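The structure that follows is given in the form of structure tokens.
Chains: A, B and C, in written order; residue numbering restarts at 1 for each.
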Amino acid sequence: MATLENLPSAGTERPIGFGRLKRKEDARFIRGKGTYLDDIRLPGMVHGAILRSPYAHARIVSIDTSRALAHPNVAAVVTAKDLETLGLAWMPTISYDTQAVLAGDKVRFQGQEVAFVIATDEYSANDALQLIDVEYEPLPAIVNARKALDPDAPLIRDDKVGQRDNLASPTWEAGEREATDRAFAEADTVVTRDIIYPRCHPAPLETCGIIADFDPETGQLDIYNGNQAPHAHRTVYAHVAGLAEHMIRIRCSDIGGGFGNKVPVYPGYVCAIAGSIVAGVPVKWVENRSENLMSTGFARDYVMHAEMCAKDGKITGLRVDVIADHGAFDSTAQPTKFPAGFFHIVCGSYDLEAAHVQVKAVYTNKAPGGVAYRCSFRITEAVYLVERMVDALALELKADPIELRMRSFIGPEQFPYETTTGWTYDSGNYAETMRVAMEIAGYEELRREQAEKRARGELMGIGVSFFTEGVGAGPRKHMDILGLAMNDGADLRVHPSGKAVVSISAQTQGQGHETTFAQIVAEELGIPPEDVEVRHGDTDRSPYGLGTYGSRSTPVSGAAVAVVSRKVRDKARLIAATMLETRPEDLAWEKGRWYVKGDPEKGAMIEEIAARAYSGEQMPEGMEGGLDAQVIYDPPNLTYPYGAYIAVVDIDPDTAHVTVRRFIAVDDCGVRINPMIVDGQIHGGLAEGIGIALMEVITFDEEGNCLNSSFMDYLIPTALECPDYELGETVTPCPHHPLGAKGVGESPNVGSPPAIVNAVIDALHETHGVDHIDMPCTPARVWAAMQGRPEPPQ
Amino acid sequence: MQTPAAFEYERATSVDGAIASLQRLGPEARIIAGGHSLLPMMKLRLANPAHLIDINDLEELSYIRVDGDEIRIGALTRHVELLKSELLAENLPVFRDAETVIADPVVRNRGTIGGSLCQADAAEDLSAVCSAVKARAVIRGAGGERVVGMDDFHVGPFQTAVGDGELLTEVRIPLRPGAGSAHEKVERRAGDWAIAAASAAVWLDGGTIADAGIALSAVGLTTIHLTRAEELLRGKAPSDDLFAQAGAIASEDCSPTADGRGPVDYKRHLAGVLTARALTRATARAQEARS
Amino acid sequence: MNVTISINGEKVTRDVEPRQLLVHFIRDTPGLTGTHWGCDTSNCGACVVQMDGEPVKSCTILAVMCEGHEIRTVESLEVDGRLDPVQLGFHETHALQCGFCTPGMLMTARALLDENPDPTDQEIRTAISGAICRCTGYKNIVAAVRWAADYEAAAKQEV
């Protein structure tokens, strides 16, 4: 009978090191034996639920909790007043702003947290929410970022001393203003567009939640949480709650998707912790889907005005002005020095003469957030902008969009390339990747088919995007979050039997770390992946690091694991030299074994070296026993994966319904540790890109009511909307990464929305004169564009 | 997850028993069959019935059969059965068209035709289907049965002719010669409610349309029955031009509201396009059936 | 009220409120947290189990409605240490990443193959269109079901 071990397999390879290795973590998930947050039950545990504001902007006149407290299953009802006594009514955000944990004076977005109920069970907690009476005095709401700075706009953050308007973050600039002005002056062609990247939401399938378990006797706070950055959270809680950091332990459960949604510290977490500290029992809080969509970290919401110029058929300059809608509190996550994240990579993959970017952030009466959903710190917004502008320029120049890109690309000989906005791209051969995509797509054939279809009145579009992004934040001299350096650690222990445990700072939410990080150790040391256990997610048992987002696992944690493995290998060399009675420089390495150069029969396998390291036998001079090593890795730079994407869409000429018929994605993420996992990451991101391009959006009416607060109206693609993706690869190693790997998790979200929107416009430009459309390209919005009335989303 | 408020529950063991319970418990009692309209509303606390009467054991209400010159469908028949039924596919292919695009395959295992019709959401597809095929609804109460046409069945948004203490038990569809039917729907994503949908049935006699049934989903407060378009078609020979005219009437005679699915002008446009398409396919099927 | 539900062939009896949803009844049963939930509006499919062999959304069924019916969850797929071909297929083709949608997808796939042992890719996509996956983009899930179908066809031939 077939079992997991001996089933007939398409490939029988079980690589030691890099390669297509099936995942170790599958064993529990395919049996339904994962441990997600809501699966955890602790003795004596009680349940929290949050009462949320129905208004986008309103004064709180009174809160009456008496009816809820009278419910037999309710243990407590917490309001801002109660939190004030603990100093927890407000908390700092990652952007150095403050955010209300529970609203006291005012509510500032629909869905904002107003009260926290603790009850014996979930159903009673939900019932109790109906029994809390809050009197509100509604105020006018601002939901349009463009209007947030109007002189008569209501002041949202009147809690902040000295705040006189709705500016969240003053204008931040990058690039060279004068050089850009010169480039535009000398250009022969200029195009201008107003481009919106609408608000959307990462919506992982598992919502956010926490179990806080404070032991009053020991003072230990145990937290269970699906959390992309557990160490950072621990430091934040220590600071916010005035607790001793060494007495806080965060254990990450299996996480049902993160995508940036599980990076922030949410008010619900703080309420659960406060509740447990006060009540002395474990408190569980798990949000429902409406709460997730209405109040947790959304993504994007950039209102952009851009100009691009060209000379002699080549792109020469770019100017971008952005209003960033941060919602009611500024809680975006990005390195301190970069309040607009990495948006200034908007110069893209092109050898520009100059570019200039300015971004200002505003408050609105909407949920806080902005940096999420595989955005690489705003690179999704930047690449969307530049790739849409390149296509706009192509229309103006009547040039093929691929040819225009090829003419304007940074050439392979120009790497490492310093962009006009301050980035140093590590390596790239863009034209080659673009050519591979064209070949897989059959680009010439597609253009022929398009012409034939157009003659028959059928609408077909081919859209291209080429992206360069920067991931793996980041070097400590440039990048910190809340003053914490964005370095990651790795801790490798090889046991006497030759089995190993590697503890890492990264935190998987499905990316396959339990397999890929074992593969890195296997590649470096020759210990089979099944003999390497990957530990992460427990702040007591893993080294300090800033977590997993911004595609940083491979570039930072992966590098750390490679470096620590090499440290162990170097130590093993010294021990092997003693064992073999030779000098270390006389030894050569083949995977898993040090052997004597010139006498290869004479060698020591890593397992033998490990046994020796713990034995009573003689060790090399000055060396302690054991075969362990620890490292903190400070990346010298970001890494810069890139890719060429081509989308083929068909549009029903009468109903304006868009179908993505084909999607070709050729990614260059440097060396691939496990190509199967890389492909899987790309598939998932492409589906998300299709969602963003065609159907995912969070909108509000004028009163600030959120119109997409359930999966009935926040639409996510099913298997029927996604084509059978066609993937290709080129491999241009990263020169500064120990493995030559770059990381890939966010690339598909970065590259796919502009390819699809470019395809929609390509389908409609000649026949209907469409030269711009904003996302999402729903049938109604596409139809309006076809009528000559493209409308921006609300 | 959001959870419903508390309620009392009983299982009906017979149709008359269910009706008796409805009478006894009054308007605070609701029937639950598939539950995929009612339970989501209860979780969101938009509906808070004090009593639920579960009729899922009433197998006698689940059937699709020919009875004389009618097809009769029991109210408890699940969407998946309507989708799979070869009897319906042969005689009234509009049902299979619609079921392919109603909700998703998993929901279709539970939802029922009775539940869909009684939910009376204007965006609901089967209501338009039943209107187009000239179906009649059988409503049973303590006093006996009455049979009601679709126009009278659909009273208003989320309101039907089924009164307190009554139960929809059956849907009856006439079988007449020369029939062809089709359903056309546009949605933002598979499984979504219609932005607009059109059901059309035609009955051909020789080269002309003897009778037609056309109804629209999601473009009014309730299902839109296009009587004016039907009148236009009767006695005429089918043609693209004729169907375009019917489409123009559809655009005029519907009353869509703007919402997340689309603005008014687009919905009117869709109503026209889908009416013409549904009529074209219905006619092709009728012509195929004859040949 | 007291209710007895047959889950994976075993009778589970508990005193519950009529409003308790089947998904919670299942998850409150020791060892059965493999059935998940992800939304409030019956859209996401994380809660899919089989009722009398058909995939259903357990978040939209009351526990009390299930007395007299057979409920089957993901935990029933492995029998005596042998994994079901759909489980093998998902592992083989990397059809899961975070694993949260996986139990619902597995139960849907199992039901599909029980009814249609040789589905086309389009039929597979339609069958799983009631469930959302955020991680895989569906391509490998389709491949997994295809793999399991081929595996079962080959196994039948050998018999």
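The rule we apply is simple: a residue touches a chain if its C-beta (ideal position, glycine included) is under 8 Å from a C-beta of that chain, and two chains touch if they have at least 3 such contacts.
Worth saying up front: this structure is predicted, and the values here are computed from it rather than measured.
If you tally contacting C-beta pairs for each pair of chains, A-C comes out on top. Farthest chain from chain A, judged by C-alpha centroids: B. For the pair chain B and chain C, the distance between mean C-alpha positions equals 30 Å.
Distance between chain centres (mean CA atoms), chain A to chain B: 44 Å.
With touch defined as above, residues shared between interfaces to two or more other chains in chain B number as follows: 1-3, 5-6, 104, 190-191. Residue numbers of chain A whose C-beta contacts span two or more other chains: 122-123, 288-290, 712, 716, 718, 720. Within chain C, residues 17, 19, 37, 39-41, 43, 126, 129-131 each touch two or more of the remaining chains.
On chain B, the positions that touch chain C within their shared complex are 1-9, 32, 35-36, 39-40, 42-44, 52, 54, 56-57, 80, 103-107, 109-110, 190-191. Remark: chain C residues 17, 19-20, 24, 27, 32-41, 43-44, 46, 73-75, 77-78, 81-83, 85, 87-88, 90-92, 94, 96-103, 106, 121, 124-126, 128-142, 151 touch chain A in the complex.
Of all the residues in chain A, the ones that touch chain B in their complex are 122-123, 126-127, 130, 288-290, 654-657, 694-695, 699, 707-708, 712-713, 715-718, 720-721, 778-780, 783-784. Across the complex, chain C meets chain B through its residues 1, 17-19, 21, 23, 37, 39-43, 45, 48, 51, 54-57, 59-62, 64-65, 68, 108, 126-127, 129-131. On the chain B side of its complex with chain A, the touching residues are 1-3, 5-6, 45, 104, 186, 188-193, 195, 260-263, 266, 269-270, 273-274.
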